[in-house]
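Chain naming follows the written order as A, B, C and D, and within any one chain the residues start at number 1.
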Amino acid sequence: MRGNPWIFAGRLWLGLAYAFMFLPLVVLVLFSFQKNRFPGFPLQGWTLQWYDKLFSDGTLLNALGNTMIVSPAAATIATAIAFFAAYAFNRFAFRGKTAFLALVTLPILIPPLILGVGFLGLLARIHLSGTLFAVFLTHVVLITAPALAIIQLRLSQMPVSLEEAAWDLGATEWQTVKKVVLPFALPGIFGAWLLAFTFSFDEFIIAWFVSGFQPTLPVAIYSVLVAAIDPSLNAIGTIVFGISCLVLIGLELVLLPLLLGKSENQS
Amino acid sequence: MTNKPQLPKATSSKSSSISRRMLLGSAAAGAAATTFGNFTILSRQAQAAEPLRVLCWPGYEEKDVIAEFEDLHKTKVEFKIYIGGEQMLQFFAQTAPGTFDAIISDAEYVQKLKANKTIEAYKTDGFAELANYHPKFRDFAPTKGETAGTVYGIPTRFSFYGISYNTDEMSAEQAGDWNSLLDKKYAGKIGMFDWYLPNLGNASLAVDPGNQTPYAITDDQLKKVKEFLTKLRPQIGMFGSSNQPIAQAMLAGDIFASPTGDLDIDLKLAGYDNFSSTIPKQGGIRWQEVACVCSASKNKDLAMEWVKYMTSPKVQSKLVYTKAFKARGPNMKIVDYWDADQKKLLSYVPDPANPGKMLVETLIDRSMPRGLPANQPEQAWIDIFNEFKTA
Amino acid sequence: MSSIDEAPPSRRMRTPNDSPLKVWFLAPLGLWLILLFLLPLLFLLWIGFWRVENFQAIPDFSLSNYTDIFASFFSKSRYGLAMIQSLWVAITTAFFATILSYMVALSIAFAVPARWQRLALLLAIAPFWSSYVLRLYAWQTILSRNGVINSIMRLVGLSDYRIDIIYTQIATRIGLIHYLAPILIVILYVSILAIDRVLIEAARELGCTRWQAFTRVVLPLSRFGLMTAGSFAVIVSLGDALSGNLLGGGAGTSIIGKLPTYASMIMSDYSSSTNLPRTSALATILIAVMVLALAVGFVLADRARRRIG
Amino acid sequence: MTAATADLELLSITKNFNSFVAVDSVNLKVGRGEFVAIMGPSGCGKTTLLRILAGLETASSGQLYISGKDVSDVPVNLRSTRLVWQNYALFPHLDVGGNIAFGLTLKPYDKAVVAGKVKAMAELVGLSDFMGRKISQLSGGQKQRVALARALVTEPEILLLDEPLSALDAHLRIRMQGELRRIQRQLGMAFIYVTHNQVEAFSMADRVVVMNKGRIEQIDAPEEMYARPKTEFVARFVGTNNLFTGRIQEIGHDRVIVHCAHGQVVVMTDDPPPVGASVFVVVQADKLTPAPIGLAGENRLDATLRGREYAGSHNIYLLDLVDGTEVKMTMPQILPVEINRPVTAWFSPQNAALIRGAA
């Protein structure tokens, strides 16, 4: 294999691709530590002032607090819904299954701006718009599809006989779900939760429309972003990316083995 | 629905003294602890002390601006930020009546709010600070109430859609004339704010200098506006959906000028001195925000107090200098709260060309308030803008 | 060994387990989707038939929004031109994004030692977890006239050369590709991973060159993944307005001309006028085009899958 | 066997999957403590039948009795049968002890009772030293024991085994065969054992059931099945049999003469079909020998040697008869004949069996 030009070309391409993927992030992080008020060259020296500014003003931190309420809650409910649905999709055959699955995927395909207006209109009619609860409700819709996909992937790796064995040994259906299916799906559930959490954590257009007096973090970022030119945004971007990196470590440990089918489950 | 406003408040007030790490930790822990609290108490009625709720453009919610009011009235003011009049109308239309107590609206949107009966007129007597307002902001042209002495909204903040330009690429003299934008030199080097209203207003003035009512024009005049825009099209390098991308483009040298107003303020503040702004001699459009009181508010007295608060020169001096926006205040006494640099930056300094007047007064005189198309349907103007964009 | 017909897909079996769970477990998802997705969506579609009077949307059943839009589709408002621009940008973006991501996926699968592949994939998808808007701002900084790339070129003495792509649809595509790549890489990598390595070895054994092994085995077998990734990319690109606004400068230049994309038109129309019904009708047209694109993608993907057998 | 002593009784059990008939009116009685092996090729319905017994499938029609009670509609988790899977189906998130105890923990048993039962069962199957092990750390044979223990500890009335040894290597398989038999005897429990491996079935079972296309072809003790297959299918499926098609030509005192394509064959039988009936003559390969020199009489097979396979303890010779019929002959010795040379084989009339043909 050594010296094979294709391998060399592949690695070269991969290097270029990484450079492309990380270039904006490098710029983001770089200018969060630069004195320049506008990201641009030449560089004007290092500073922590934007971080200081970020943390001296409670607004973004409050927003982070709101996000830390909405996103875990939405991720938890979405994962729970997704688990039950994934179980049913995996086990039962029924008419309209494909249509149902397509329906689940649709929310991620509809442009969020359009969806945001629709959500606002409907939630208003049930007097729910403008609350964190509204953000929670709509985020669950958006993040259930990825969660479902991950859990389905995990459940598809479960031998059918595992459940049958539990029934055969006298377990009721519910006992089987609790004692066999759930433990088996746990890595998938964990991965799905992380993915759902990060989606909700990042989402802003829908949240912009339906959130009220308690903006989530991306909404707060956006309201500063559109109006002003403030490198604190780079600072918060860096922090958000840092948090995401932690999540990614979680992914590395849980989600990827699952996606790549290298799980340790029995044959 | 903040049932526990104490938590974020406590966090933010202490924030300067405690470490970042601690802060993050406590915010996260607090958030976790209040998760259920926040979700179970959903209805507004369940809360004891009603805070004041305001729907506004960014800036009004900043602590410097509102803290004094909150302390004075021992209350909490909650803000829902919108960007663009349409969002404001949607947010208003799509929430239960009584959700908002007060609104900061663009002056011309007062018509739309009136049509929806969402705001009500109030008396101007008792607003002592109005005496210090620039005369142009005392006539309340777009916001006048039906009976004498009443208004639907009092101006709080304004600024201009003049030309911001790079002084290395454009002279002050050129920036003083709309027609310079048609110079071949600037082909592809003009940035434009992606909204038909200010741009068609400016074009209306460009073809009909000094028109006091640039939005009430005949179909023939509108045709000329369209022709002017057609000529302008090859000059446009980009459309910006907000100030930020336009300022960034100016700084990066992607564009040399933009009829977006006073981007130079932020650029100068950032240490880039090769930017300036002016209003061309033909005239330019001015935007202004006004404070309105909602008809369904259960907290009207406090809302009135807030409107009064917003007319104070001290508050306006901070409002026009927020992180979100740099703008100007209608209360001319705001200069008392500024140092020389700030005065210069916001052009509250004597105008050499107009003895006895401040530069900002000259600009106010030369500018016309943004309005809605008076003689044609909105869509006709939007179509012209869309046609211009897609030309 | 029991054959297929002897051990039928046991999901079809009638056991005590058949029943109630199916309904109970699908109910939360179904209810949630109906109440909080279909209802708002239908509501939005319905608003498209309302009319506006004195700045207020009045419930009605009028086709006037649609007739208005289509009457001026290529003349006054020129939504048609914007739609053509959108389709052109979306299809080319999807094409390049898919090809480039496919090359990355291939490189990870074949040029990286097995135990480093996970890390390689992780690195490739990491940027997905940072804010899209902030990334676009960073790209603006990078691509600008005095931006990162041009500054660096000046530094190394290449000041005669300058990239001037900001506010063109090329910049729009860069922003979109950066957004799409992580997702596409995962889809394509998984589909490459599903190819049995033995097939490739067999092809090599039979005298194929590496290139032939790729074109005759790997490529045909990843066709389904490519179609899925491609149609996903088309739809996301059609619906996105942010990259076109921030990097494309609102009405970026492309071969077709200096035209905004349709999504960008909707966004600016929405914020320009007090006419939600019209916005809703415009959005409905976009959704219809997307559904059409999805259907085409589905047919192509299905054909690809059938060819794989 | 009478119904009273039967542990299990199947009355015309039928299972359709849409238009496909997987199990076709099967009747079967299994006695207390009996070891029954169900055998058949892939797709014969044996696993479906087993799943019907377990309750994992519901029969389309027919009745199923366990200890005299109709359990046709009893759901799987309430049946007193336990199934042992081919792939073991052990719970990967539980250790060995947890797997064995699983069935018991579903019921409100006292913990000490559960622990005691699990311990005793682990001893019975020889797993006492592995109780804390993870499933992924076990060998195939150990997994098999866990699966067995997990089923047995719940004290079922009948144990159902679905090709339980097929994933094991040959050596282990034989050891486990013996052990299964020992455990079955010790517990006196009925085992129903599905396999496609004939050696396994014949060496372990009290009775063997051969199934084909959803129907039972023959139920018999292994020796009977071997020596006297009752249908063409069984004859072909069991052992290395040679089959000759023919018609009864003549009926003698204790023998008949069958006219086959390659010539006449004499078969000893007590129960001859009428003259002219279509029959199969079955001769096991190891009952064929090279014809003694000078043998003039019956059951001579003139053939050509086509090939030889060396199978360790014996040699398999492939012969073609004059009419093209292929015949197998096994014997320990080497046949001193070259390939494609003529050879003559012979079998004794006592070593041939008759099966009635189609019509």
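The rule we apply is simple: a residue touches a chain if its C-beta (ideal position, glycine included) is under 8 Å from a C-beta of that chain, and two chains touch if they have at least 3 such contacts.
Fair warning: this is a prediction, and the values are worked out from it, not measured in the lab.
Counting C-beta pairs in contact across A-B and across A-C shows that the higher total falls to A-C.
Taking the mean of C-alpha positions as each chain's centre, the chain lying farthest from the centre of chain D is B. Of all chains shown, the one whose average CA position lies nearest the global CA mean is A.
The distance from the centre of chain C to the centre of chain D, each centre being the mean of the chain's C-alpha atoms, comes to 57 Å. If you average the CA atoms of chain A and of chain B, the two centres end up 35 Å from each other. Here the spacing of chain B and chain D, counted between their Cα centres, is 88 Å.
With centres taken as mean Cα positions, chain C sits 17 Å from chain A. Annotation for chain A: residues touching 2 or more other chains are 39-40, 117, 121, 123, 164, 167, 225.
Shared interface positions of chain D, defined as residues touching 2 or more other chains, are 55-56, 75-78. Multi-chain contact residues of chain C (touching two or more other chains): 10, 12, 15-17, 137, 141, 144, 146-147, 267, 270, 276.
By the touch rule above, chain A contacts chain B in their complex via residues 36-40, 44, 51, 55-59, 61-62, 64-66, 68-69, 72-73, 117, 120-121, 123-124, 127, 129-133, 136, 209, 212-215, 223-230.
Per the touch definition, chain C reaches chain A in the complex via residues 9-12, 15-17, 21-22, 24-26, 28-30, 32-33, 36-41, 43-44, 47, 100, 103-104, 106-108, 110-112, 117-124, 126-127, 129-135, 137-139, 141-142, 144, 146-148, 151, 178, 181-182, 186, 190, 193, 210, 235-236, 239-241, 263, 266-267, 270, 276, 279-280, 283, 286-287, 290, 294.
Interface of chain A with chain D (complex): residues 159, 161-162, 164-172, 175, 179-180, 183-184, 186, 264-267. Contacts from chain A toward chain C in the complex involve residues 4, 6-11, 13-14, 17-18, 20-25, 27-28, 31, 39-42, 80-82, 84-85, 87-94, 100, 103-104, 106-107, 109-115, 117-119, 121-123, 137-138, 140-141, 144, 148, 160, 163-164, 167, 173-174, 176-177, 198, 202, 204, 218, 221-222, 225, 233-234, 237, 240-241, 244-245, 247-248, 251-252, 256-257, 259-261. Listed in rising order, the residues of chain C touching chain B in the complex are 54-57, 68, 72, 76-79, 81-82, 137, 140-141, 144-147, 166-167, 245-246, 249-252, 258-260, 265, 267-276, 278.
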